[in-house]
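Quick heads-up: structures coming right below.
In what comes next, chain A is part of two complexes: it sits with chain B in the first one and with chain C in the second one.
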Partner chain A sequence: MKKILQLTLGIVTSVGGFLEIGSVATAAQAGALFGYKLLWAILLGTICLIFLVEMSGRLAAVSKHTIVEATRERFGFPFFSAVMLGMVLVAFLVLVAELGGIGLSLQILTGLGFRWWAVPVSLAVWLLMWKGTFSLIENGASLLGLVTVSFVVAAVKMHPEWGSVAHGLIPTVPGDQKAKYGFVAVSILGASISPYLMYFYSSGAIEDKWDTSYIPMNRIIAGFGMTFGGFLSMAVLIAAALAFQPRGISVEKFEQAALLMTPALTHWGFYLFALAMLFACLGAALEISLSIAYFFAQGLGWSWSEDLTPSRDSRFSFVYTAIILVAAVPLILGVDPMKVTMLSMALTAATLPLAIVPFLILMNDPSYLGGHRNGWISNSVVAIVILISFVLAVISIPLQIIGG
Partner chain B sequence: MKLVRDVLDKKLTDREKCEMGRVDGLLMRVGERSQPRITHIVIGGSTLWMRVHPALARLSVRLARIWGPRRTEPITIPWSRVESVGKDIRLDVKARDTGALDWELWIARHVIERIPGGGSEEEEE
Partner chain C sequence: MRLKGFLAGPLLFLIACKQPTTAEKLDSVRSWLETAGMAADAWMHHTTPDRYTRQTLELSQKTLAQLAADLRKSPTPGIDTALLDTVLTRSGARLTEMARLVQTRNSPGLRGQLDSLRAEEAIIRRLADAAAPPE
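Our next item is the complex of A and B:
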């Protein structure tokens, strides 16, 4: 019974935790610019993420190591420090984007500019971590994140042509705007395949004391949860394609993206979008700040648990406190969160090999996984998607910088 | 036992299972006639950064002089205190007495406990 409850909660968590400013902004931009043509990128990213999340849970359940702990032990500190530097920098940028997303949502809901929200929002996120427990953060934020299901309602109510939607699932090369197309595809892949989600998930499995009996449950959570999450992203893309593309509106600003649901749900859709993004970005901001703190604590052998009072794991608490304060600074200075979002998503895609290649080596190491190590299917799926993301990133990021 | 695979970078816990860092380095005695022997486990900033680049190690020593518990020497624990080597390495010591928790305690006292709701690390001992 307890496991069934955990299972439901796990699926709900992953659905609620999937969408954040990155996946919404990239999917909305893709729909507005290219109609359904980039749906394949979401499909590809989601499939890859299903495999990666399943592996993260399996590693924790079998070896009792989080990804970070195993990476430090297996590859040694010099290599680990390079992974840490890359991952923490990218995660920090994503955190700025998420905090900005909360600020922009509040700007829509209250009329007060997002810069004014930077400090209160950071303080609120910090307070939730300071006072909250792991399950409060995991379940609470994600349950609220279920408001994002409204994207599916909006997309269906706009009556898309399902035939053309299905066509979008097969990759095609557009006639013009090839560089932009590549860049948006990379950003979608980066937004779907978020390494911080894996670090968070594997730390959660250790916090919840998983053992090998959780392997089947882990598989179902990863499969169903990420699939539903992928559907939500696709719904955003479909709604954007119907709402924006015919009118030639491109989504450069958050307020433009907020018009996504208005054709289906009128002005309520505008506020519902803001509310959905508020909760989704809040959940993501919590997960990312914790992931960064986990990275330091696990990598350096400090005590860590979101369930301890802060003074019992002071270095861990200090890291998330400091990181959340620093992340507010660019927002106070007025840096555009949407620009940070697109940049951080593309950078995530470019740095994926740094996170995923050592992870795949671990997942094939019998000393960590024994008989539960990866089979050839999971190895090849992940390797191929990461290769595609990396190649696309290396080609399209410079083109975007030159072109933009 | 393979030192690099089984010992280096593993997590250290004390006799009360308190986490006290990772094996950042190992001290070895190489005698002319005897076999090389591991004498100490080393925990600490400069040893760790030395493995990446000596300049980083120098920087970490310089920073440690101006901020924090002001410990510039790495912590060494005699190999004889190793109780078991498994997923983690268990030591027959009390973490607090070794100096491995200096930073943890310093940050608790100087930062975390001064923020409301941070709790007190000594109260709960």
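Our next item is the complex of A and C:
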């Protein structure tokens, strides 16, 4: 009975915690610019994420190691340092974007500019981290994030042509705007395959004391949770294709995205969008702050657990305190969170090999996984998607930067 | 020397390829005029709050001003620049007026401005089509 409850909660929280500013911004921009043509990128990213999340849970359940601990142990500190530098830098940018997303949600709700919200939002996130437990962060914010299901309602109410939607699941190359298409595709992949989610999930499995009996449950949570989450991203893209593309609106700013659900749900759509973004970004900001702290603590051998009081894991608590406060600075200075979001998502895609290649080696190491090693399907799917993301990123990021 | 050429060639090619064209800039102008129109329309149907609508109209006006300055710097052959300039100036003033009408909650006045904005947006669309390179 306890496991059924855990399973249900696991799926529900995976769905509620799936969307964040990156997935919403990239899907909205894709729909506005290219209609349904980039649905395949969400599908590809979601399939890859299902495999990666399942692997993260399996590694923790079998080896009792988090990804970070196992990476450091298996590859040594110098290599681990390079991975840590890359991952922490990208995760920091994503954190800035998420805090900005909370600020922008509050801006559209209250009219007070997001810069004014930077400090109160950062303090609120820090306070939740300081006082909260792992279960509060994992479940609380994700349950609130279920308001994102309203994107599905809006998309269905806008009566998309389902044949065209299905056609969008097959990759095509557009006649023009190829660089932009590639950049948005890369950003979608970066938003879907977020390495911080793997670090958070494997650390969570250790916090929850998973053993091999959790392997079937892990598979179901990863499969169902991420699949339903992927549907939410697709719903955002479909709604944007219907609300914005016929009008020629390209989503460059969050204020434009706020109109996404108004054609279908009128004033409810406006407020549901703001609340959905508020909770989704809050959940993501908590998870990223925690993931960065996990990265430092597990990599440098400190004591760590969100369930311990800050006095018992002071260095762990110091890391998230410092990182949250520093992340508020660019927002106070007025850096556009939407631009940070698109850049951080594309950089996430570009740095994926750094995170995923060592992880795949670990997942094939019998000394960690024994008989629970990866099969050829998992290895192939993840390797192919990471290769596609990397190649697209290497080509489209310079083009996009040069093109302004 | 050879290495410099090797690096500079592709870079120049990328720069030449990817500077935003006049058509792309005009698409951006159109996107912001449509955003303003959508926000104003939503406000008239009591879908969006006053402050958000006013701020979105102000943001549209500000972005339009930047795009207009950019377009004036690099006139494109084949485009009626005098017409473009007039439309951009008029639209900018209209967006400022629309933000004021939202503040004073003047819905009928906003309706009239919105109709004119749509007409200007249609002109921008025509100019963007004229500026687009042939397929």
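The rule is short, and it goes like this: the second predicted complex is superposed on the first by the 404 of 404 C-alpha atoms of A that agree within 3 Å, B and C clash if a C-alpha of one lies under 4 Å from a C-alpha of the other, contacts with A are read in each partner's own complex, and residues count from 1 in each chain.
Here, contacts are C-beta pairs under 8 Å (C-beta built on N, C-alpha and C of every residue); 3 or more make two chains touch, one makes a residue touch a chain.
These figures come from a predicted structure and were not determined experimentally.
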Inset, instruction - Mind checking the superposed model to see whether chain B and chain C fit together on chain A or clash? - result: fit
Inset, instruction - With the two complexes superposed on chain A, say which partner A:G301 touches: chain B (first), chain C (second), both, or neither. - result: first
Inset, instruction - In the overlay, answer first, second, both or neither for which of chain B and chain C A:E252 touches. - result: second
Inset, instruction - Considering only the touch criterion stated at the top, classify A:F270 as touching first (chain B), second (chain C), both, or neither. - result: second
Inset, instruction - For A:N379, select first, second, both or neither according to whether it touches chain B, chain C, the two together, or no partner. - result: neither
Legend entry - First, second, both or neither for A:K131, with chain B first and chain C second: first
Inset, instruction - State whether A:P398 touches chain B only (first), chain C only (second), both chains, or neither. - result: second
Inset, instruction - Report, please, how wide the angle is at the C-alpha centre of chain A between chain B and chain C, in steps of 10 degrees. - result: 130
Inset, instruction - Using the superposition on chain A described above, determine whether A:R315 touches chain B (first), chain C (second), both, or neither. - result: first
Legend entry - Superposed arrangement (fit on chain A Cα atoms) - minimum chain B/chain C Cα distance in Å: 29
Legend entry - Parts of chain B lying in touch with chain A, wherever the complex brings them together: 4, 8-12, 18-22, 24, 48, 51-52, 87, 103-105, 107-108, 111-113, 115, 117-121, 124
Legend entry - Contact footprint of chain C on chain A as seen in their complex: 107-108, 110-111, 175, 179, 247-250, 252-253, 255-256, 258-259, 262, 266-267, 269-270, 398-400, 402-404
Legend entry - Contact footprint of chain A on chain C as seen in their complex: 14-15, 17-20, 27-28, 30-31, 34-35, 37-39, 42, 45-49, 51-52, 55-56, 59, 63, 125, 135
Legend entry - Interfacial residue positions of chain A with respect to chain B in the complex: 63-65, 69, 72-73, 76-78, 80-81, 130-131, 300-304, 309-315, 317-318, 321
